[in-house]
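As structure tokens, the structure follows; a few thoughts come after it.
A, B, C, D, E and F label the chains in the order they appear, each numbered from 1.
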Amino acid sequence: MKNWLNSLKTSTPQEGFELAIKLSQKGVEYTQPSEEIRKKLRPKYSRDAEDLIFASQVIAINFQTVAAANNYWK
Amino acid sequence: MKNWLNSLKTSTPQEGFELAIKLSQKGVEYTQPSEEIRKKLRPKYSRDAEDLIFASQVIAINFQTVAAANNYWK
Amino acid sequence: MKNWLNSLKTSTPQEGFELAIKLSQKGVEYTQPSEEIRKKLRPKYSRDAEDLIFASQVIAINFQTVAAANNYWK
Amino acid sequence: MKNWLNSLKTSTPQEGFELAIKLSQKGVEYTQPSEEIRKKLRPKYSRDAEDLIFASQVIAINFQTVAAANNYWK
Amino acid sequence: MKNWLNSLKTSTPQEGFELAIKLSQKGVEYTQPSEEIRKKLRPKYSRDAEDLIFASQVIAINFQTVAAANNYWK
Amino acid sequence: MKNWLNSLKTSTPQEGFELAIKLSQKGVEYTQPSEEIRKKLRPKYSRDAEDLIFASQVIAINFQTVAAANNYWK
């Protein structure tokens, strides 16, 4: 896969949260590289409350990593 | 998305917990941006015991991050 | 919500574990504020082995936070 | 509940793992205090592979806490 | 249970990963001590993609503990 | 199993993320050593949105470990 992650540093917590979202999406992409298949799945999980909670959980876990990498933007 | 997260610092543990809730909700919002769809899902998951436990788990994970960022309000 | 969390400090590990339980319950309460609805759900999840394991997991995650806040009661 | 947790310190990693199991069980007990109901649930979850994996996960999370409290028995 | 865990120290990251697997299995064993029952469950979960992902997650959580105990083999 | 993990050190965060993916796959491999069976499972889980989210979660947990081992590539 081409270069997509050079640093865990971000300027603000919000950018860090958005990086956590990107990491979560990349975890899906590496597991299912076909964009076509992923797009087909989107209408399902994005309207399923439980899947949305699970997606938010992955983001939360990645945000822990990004926040630690940025010393919590202290 | 417009600015919504400037800092992980809060005055009290309770405000930190409430920030953890906000982070958990934002993880859902970024994944499903339509407020209309999210509102339709609410009656379901908010009356499903398992979904409530899962939601509480995401909050717990985000609270770990917020608590660390505040040095546990020591 | 009125004041319910002033500190993560507790005198003993057991009180810390009980605080972790409270945090886990609060995560549910913020998501479903109606006590009436929550009470209706209780007979179901409290007799479902999987839900009990999931509830114990949320408590475990919150206990990590409380234990760290108390320097593991060393 | 009567006194059951005075310290997270253990002599060995194995005792620490066993304490993690106890913490995981206590999370269930606080949520479902009736020993009678818990006993009825046991035959089900202890023969369900997925539930056993979930139980092992709660133990793993609690073991992280106990291990940290013991400075990893270094 | 007889002695099976004297130390979290390992010579290499790979041995650490294998210890994490052992810890994950032990979490199952303590919950279901009957080897006969566990063996019956194996054909099911080891051919269920979701269960394999869940098993890998428990290993990942235990590997965090083992890696920290070894100062990440730095 | 033959040697596959000598170090948690990587040159870049992206290589670290890819190592986290490898660790997640290895967790599955150790649990189900048959490549034939694993290949049969792939079409199912790689087209199931929930399974992809779960896979991304395991990667996120392993990435926490790898990132810590690399001092977050600071």
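As a working rule, contacts are C-beta pairs under 8 Å (C-beta built on N, C-alpha and C of every residue); 3 or more make two chains touch, one makes a residue touch a chain.
Bear in mind the structure is a predicted one, so any value in this text is a computation, not a measurement.
Here the chain-to-chain distance from chain B to chain E, counted in touching steps, is 3. Touching chain A and chain E at once are the following chains: F. Superposition angle, chain C onto chain D, using Cα atoms only: 60 degrees, a multiple of 5 between 0 and 180.
For the pair chain E and chain F, the fraction of shared interface numbers is less than half, so the two copies use mostly different residues to meet. A straight line joining the Cα centres of chain A and chain D is 31 Å long. Chain B and chain D have CA centres that are 27 Å apart.
The centroid of the Cα atoms in chain B and the matching centroid in chain C are 15 Å apart. Looking at chain F, residues 48, 50, 54-55, 57, 61, 64, 68 sit in touch with two or more other chains. Chain contacts in this assembly form a single closed ring in which each chain touches exactly two others. Around the ring, the chains sit in the order B, C, D, E, F, A, counting from chain B and moving first to chain C.
Considering their complex, residues 12-14, 17-18, 21, 46-50, 52-57, 59-61, 63-64, 67-68, 72-74 of chain F touch chain A. Chain D meets chain C in the complex at residues 1, 3-9, 23-28, 30-32, 37-38, 41-42, 44-45, 48, 50-51, 54-55, 57-58, 61-62, 64-65, 68-69.
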